[in-house]
Amino acid sequence: MILPLVIIALLTIAVAAIAMTLRNLIHSALLLIGSWAGIAAFYFWAGAEFAAFAQVLVYVGAVSMVVLFAVLLTRRSRADLEVAPDAIGRGLGAMLAGGAVLGVLFGAVFATRLDVAPTAAPTASVRAIGQQLMGAHAASLLVVGVILTVALLGAVVIASTDREGGKEDAR
Amino acid sequence: MLGTGLIQGLAVTAKNLVGSFHDPERYTTVEYPEVKPKLPENYRNFPFLVSETAEDPMGTLRCVACQICEKECPPQCIYIVKSKDKKLDASGKAQLYPATFAIDTSVCMSCQICVEVCPFDAIKMDQEFEIATTDRFHGLLLNREQLAKPNSYYHQIHPTEAAAVDALLVAARKAAEEKAKAAAAAKAAAAAKADVARVSRPVNPAAANTNTGQETRATPATSAPQPPAAPSAEAPKPPPPAA
Amino acid sequence: MSLSPLQLCLLFSSALFCVGLVGALSRSNTILVLLGVELMLNAANLNFIAFWRFSPSPSPATGVMFVIFSIAVAAAEAAVGLALVIAIYRHQKNIRLQEANRLKG
Amino acid sequence: MSLPVQYVWLIPLLPLLAAGIGAVTPRGGVKIASAAAIGAMVLGFFLSCGALATALAHPAAHATANFAWFDLGAGTLRLGWVLDPIAAFMLVMVTFVGALIFIFSTGYMHEDERAKQFFCFLSLFASAMLGVVIANSLLLLFICWELVGLASYLLIGFWFHKPEAAAAAKKAFITTRIGDLGLLLGMLWLYDSTGSLLFYDGGHGVLEPTAVANLNAQLVFGGLALSTVIGLLIFCGAVGKSGQFPLHVWLPDAMEGPTPVSALIHAATMVAAGVFLMARVYPLLTPDALKVIAFTGAITALMGALIAVAQNDIKRILAFSTVSQLGYMMLAIGVGSWVAAIFHLLTHAFFKALLFLGAGSVIHAAHHEQDIRSLGGLRGPMKVTFATFAIGMMALAGVPFLFSGFWSKEAILHAAHGWEVSHLPFYMGLTAVVLTAFYMTRLMAETFFGKARTHASEHAHESPASMTIPLVILAVCAVALSLLAWPSPWLQHILDPKAHAEGGGAGLMVLSIVLVAIGIGSGWAIYGRTTREKATSADPLAARVPGVIAFLGARMKFDELYAATVFQLNAALATAADLLDRYVWDAAVRLLAQIGIFAGLVNRETDEDGLNGGFDATSESLRDTGKAYSRAQTGDAHGYLRTVAIGFVLLVLIVMLGGRR
Amino acid sequence: MSVVVVATSASEWTALRVVDSLALVATATDRFLECAPVMLRDAVTGLLPDPWRWIANGLFAIVAIFAVFGLLFAFLTLAERKILGRVQNRPGPNRAPTPTFPFAKFLGKIRTYGLAQPFADGVKALTKEDIVPDGADKVLHFLAPVALLAFATLTLVVIPFGRNLVALQLDAAVLYFFAAGAATELAVFMAGWASRNKYSLLAAMRALAQLISYELPLLLSWVPVVMIAGSLSTVAIVEAQAGWKFGFIPHWHVLTPWGFAGFVIFMVAALAESNRSPFDLPEAESELIAGHLTEYSGFKYAFFFMAEYFGMCALSGMAVTLFLGGWRAPLPFLEFIPSYAWFGAKLLALILGFMWIRATFPRLRIDQLTRFSWKFLVPLALINLGNTVVWALMSGGSPALALARWPVCAAIIVVPFVWLGRAQSASYAPRTYRYAA
């Protein structure tokens, strides 16, 4: 019960940490996809099958593609390759801030008495999720749909090139 | 409607798929090593030497080792050594023959120039394509024995062309014979007149010269029985038959 | 001190969050910063699932519901964010976050 | 097959849908638009037949379907539709004639690049008219009435690139609007006094005895009953729409629109609306109001016929004949026989549609030559058009027994003869009969007889089948409709069972036959026996009485009269208003402004010196503070994130440490 | 990371498994063939102590899937070449001989009518030189084919191959299937990028564009099935297609208007997703060398090939499950034939259909390909979704209504098909080049 969790957690964190330190962007992205998959595995471990598959479908299937495309579309300039002058300072600052947050969070987790009764794993069958989505959360579902549509259109508008003179792809 | 064309296409391929099982006529290929492909008549690849008979290919080669092909060959893949002696050829005339005749097929480009320049129809294009070998030096260097193939084989692979060549040869021989006869008759008449008009003699060789070599080659056959008269008649010929 | 599974999950998510945070703070490449933010978002999602899984009376699928909506919104965020990255790239020919500090082009 | 009243709204809805389809089809989609329009009308015709069957099952009942539209303060505004024989007959007529005109239009308009819009407008027009017919509420009727006006504006001005067409559209719209003002006032007054606008509402409608008695009882100024005033106000609307004297001026100009539009306006839809309105509100009309209506009608009938005699444009002649015939209908209503009016409306619709479409066919064939002096000799090349046009002409002229126009006109004359108040309208009507026969004979003779006088008419050819088939159908109807009145006047029974059928009148019939014979005979004698030689040769009648003909030819100078009186008055009023505005009101306003400026000056002085010092100091310091803070706004996303992280840590620390305590 | 997924899924296996094979054996002894696979598994894993049995069961399933589909792959390649040959009026490969063994010389060379061809191919692939381009990302270059094959294999896990023959019974199995399927795009990208070859990279991007474009109609086409069946579980979906109307018309989804439309859309999208002709733009051997596979050779190339066939099998299997009644027999009296045989027959029929299509159609251009997806398949799939709603709403009422839904739903999908098809077919007309002579 605990062992898979520990393995998943360690692997995921390790992969994410490596991803965040690599200089090769593609490797970073691919490793990060691995860590997303690890999170999906955690969902699976926790019994949230649907969320796990949704995570895989969305992150591994879709977001990863967007990331990779973004990496490929932004050709790296020479300036990106050399280490920025303030990189070390920023890295130190980041470590400090991150460490502080980590410490605070860990402290909070340890300090809080979580009165958990070890219960049987709750089940979230697809049918139950579907009924929730279509019943209690129907409005949110609609709103999310609208958000996704708007975001899609917005992304297309932002990323599309400004065409001068319009018709350049006339057949 | 979208899709009808797709279905038509599927029907065509389905017909082929089914048909190929029960209708061997549809086959566009043959199972090659077992079944030799029937090559088209005009297919040509690598030359061979024509011999009159299959029984004695070396004895009946048409080649007289004139070496024209060797000189003309663009990649210079032909190597010929003339014989020291002479043999009687198909028409019974004594001719030189190639003591060595070799073609390096690794160099040959099947350009067919040797065939075109040969005055004796002795070298022709083959249909051979299976010359793959593990020995790339000697395996691809074909010698006289390997190159010689009978006239019947020639008829087999290029029937039309071979028939035309044979007809020409026969006609040429016949014409030469009749001419020889006429010459013999004329000579007999002249001999009877006991060498009267020696002035008219130079005309005859000139006429023979304008004809192709076939005639000149054929003439000795008939003039062979009269060796004493021959030297005077054959004197102005450019390549002297006797070296 | 013995850790309950819930605490383990929370530690997991905190650690992941901090990895994302450090990444987002230290990297100058905007794409990586965005990825760090994504990671932080995912770490938050972990908490939803963990609390749903180990709560004394899990109401049906609430945590999962949260996560599903969160994933959907995160997908939108990623799409828009990366489109912005491309726009920034087109504008200033690199994607350093530090140089993207002007409102006017 | 019968159509309950609950579904009668389908009939106007169909052409409305067709108009919608026509509006959204792309420019080239004439086929779609015309198919939708014709299909809607044909389907509407079948539904109307069903409605007629329903109505004839209970001729006396006014089947209604009412519903609340919205709450209006005190009461509820209710709308509804009614299905009674008069409405049903009108429905059948409008859809039938409309369908034929639509079919005709496909042939007539096929060269026009905006034909698709034309069909859209036509459908809207028909839909609005059908709405008028089935409306059970004066408000709904008014809405549809105005839609009719809008559609007529669009259609008359369809060829808006012609300045005359644009002007005619504007004229028609504004002239009818004058009448509509009366209608609106009448409607408001009616609502004010009865609290309802429904015609029939199970005893509470404005046309039902309780309300009518109530209205009759109220007196307004000059001892007139309230119902008289309201009735006359509503009549104003009808005068405008139906082209009665003195608001008839727009109707001849409306000829500038395409011919199918003229046919539709004159036959089925627009002008019929006014007559229909009066027939509909007939219970509301008092004898006083009826007198006005009768005389208006008689004057219009005579005037229209007189003017028509001197016109030369084929469509204009028909237009003035319409004015005249509408006068007849109003006369019939005025003398109390609204049944005869409706009967004449129906028959007139068919033969006038026939005549206009025939004229359209002629115009189409003669390359848009409309002047009858330039036509002539079309009898030969255009046989179908000639035959059908002749039938229409005879129906209009009132050739006895076989043609429907005779019977309906006979019914009107008969009713006028029986009117107790005055016989003057009757005599005016008889005069108009002669004139009608005369000018129609002239029209026929000039157009179809003689020889071709211009190049255009020489090369005329028969129109396509889509144009001739409607003509034939309409011709058959123009004859067959006499069955409605003959052998027995059952239309009378169905429409108005209470009225007693008057028998006899054989002498009157003989008189009118003689009058028609005189009219046709004199027309033929003047124009038919010796036909015109050249397009420019003088009119034989004008040669004899030049002044009269010139006056009539100028349409009795009505336009000039209006220009001299109404327009001048309008201009004078506008000038007066302008002067008033500029020198009285403007002066007052300027004075006020000066006072305001002075007050402002005083205010500023005190403000700047007295009050502002403290505020200035405060805002200066605020701005400095803002500047200081804005330095934190570096644009460095990392910095923001870092700050957030540190802030979060601090916050959590505070909460945790504070929580311990 | 694929390893992680496998491990976690395996850890929960015992909790999720529903199949009670022992009970099954007890009840269905008379149908030996039907439960032979499960009995075989139990015979093997029964030897182990109980705590280990689930691992053994899982391993058994993995081995079985690899064995069956590996062999299937081998012989499908042969079948494909044979069929392509036959369609082109050639016999196809027919002379790979058995090797001559030194100890059994008397056997000589045995002609196997080409059946040994796959093994010959395998040996050839194995013995070819494995070239990794200089400067390539070696790790990713190696990982790409592995990941591709792993993802393709993962999708096979949730397909019910027969009654009780599903390796992993999930509540959201269909979602799992497509989640795992979507991950193949990643592998394609890795292959293209790791090759350090700009043509490979461009081809990979293009392949991604195609895969993403066709993901959408693929996903939309099966949603109606889920709506009607009311479950995302493959087992439940097969269950929903049980029974026969009038005793001879099976309740398969493909036999309804929306189901048929969905099936066709699914199959077209599946062709594109598995890079099969006429959508084989990513590889396009004759035009683009081999797209993102340019820098691969030997066994890595064979892996890609294998993944393609696995993907094809998986998608066909999913199509069978979703639309063709899964392992169910088409007619009641045919039920004596084991369920996995029916499944296999349907699967093979679909795959042969794939091959038939490949043998027939020419390749699309990339713009035609994407346009076809976005302007034709996606709208059609969306309309089909609405169509299904209409179907479901009309099925509740009277018998007359239930009968009326057939023409109504057929019209709802056929009319847009014809209309969209007409609008589309203009863009597939032969291209005219302005400056061409």
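Of note:
Order as written gives the chain letters A, B, C, D and E; numbering starts at 1 within each chain.
By definition in this document, contacts are C-beta pairs under 8 Å (C-beta built on N, C-alpha and C of every residue); 3 or more make two chains touch, one makes a residue touch a chain.
These numbers were taken from a predicted model, which means no experiment stands behind them.
In a view that ignores chain E, the other chains are joined by touching into A, C, D | B.
The minimum number of touch steps linking chain B to chain D comes to 3.
Of all chains present, the one whose mean CA position sits nearest the global mean of protein CA atoms is E. Distances between chain centres, each the mean of the C-alpha atoms, put D farthest from chain B.
Highest inter-chain contact count (C-beta pairs) belongs to A-C.
Averaged C-alpha coordinates put the centre of chain A at 68 Å from the centre of chain D. Distance between chain A and chain C, defined via averaged C-alpha coordinates, is recorded as 5 Å.
Each chain gets one centre point, the mean of its Cα atoms, and the points for chain A and chain B are 82 Å apart.
If you average the CA atoms of chain B and of chain E, the two centres end up 63 Å from each other. Chain contacts: chain C has residues 21, 25, 98 touching two or more partner chains. Across the assembly, chain A contributes residues 8, 50, 54, 62, 69, 90, 93-94, 97-98, 101, 105 that each touch 2 or more other chains. Of all possible chain pairings, those that touch are A-C, A-D, A-E, B-E, C-D. Listed in rising order, the residues of chain A touching chain C in the complex are 1-2, 5-6, 8-9, 12-13, 16-17, 19-20, 25, 28-29, 32, 35-36, 39, 42-43, 46-48, 50-51, 54-55, 58-59, 62-63, 66-67, 69-71, 73-74, 76-77, 79-80, 84, 86-87, 90-91, 93-95, 97-99, 101-102, 105-106, 109-110, 114-119, 121-122, 124, 128-129, 132-133, 137, 140, 144, 147-148, 150-152, 154-156, 158-159, 161.
If you check the complex, the residues on chain C that touch chain D are 21, 24-25, 33, 97-98, 100-103. Residue ranges on chain C touching chain A, taken from their complex, read 1, 4-12, 14-23, 25-29, 31-32, 35-36, 38-39, 42, 45-46, 49-50, 52-56, 58, 60-61, 63-65, 67-69, 71-80, 82-87, 89-90, 93-96, 98. Contact residues on chain B toward chain E in their complex (touch as defined above): 1-3, 6, 9-10, 12-14, 16-17, 19-21, 26-29, 31. The touching residues of chain E, when paired with chain A in their complex, are 1-2, 4-5, 7-9, 11-12, 137, 140, 170-172, 175-176, 178-180, 182-183, 185-186, 189-190, 193, 201, 205, 208, 212, 215, 230-233.
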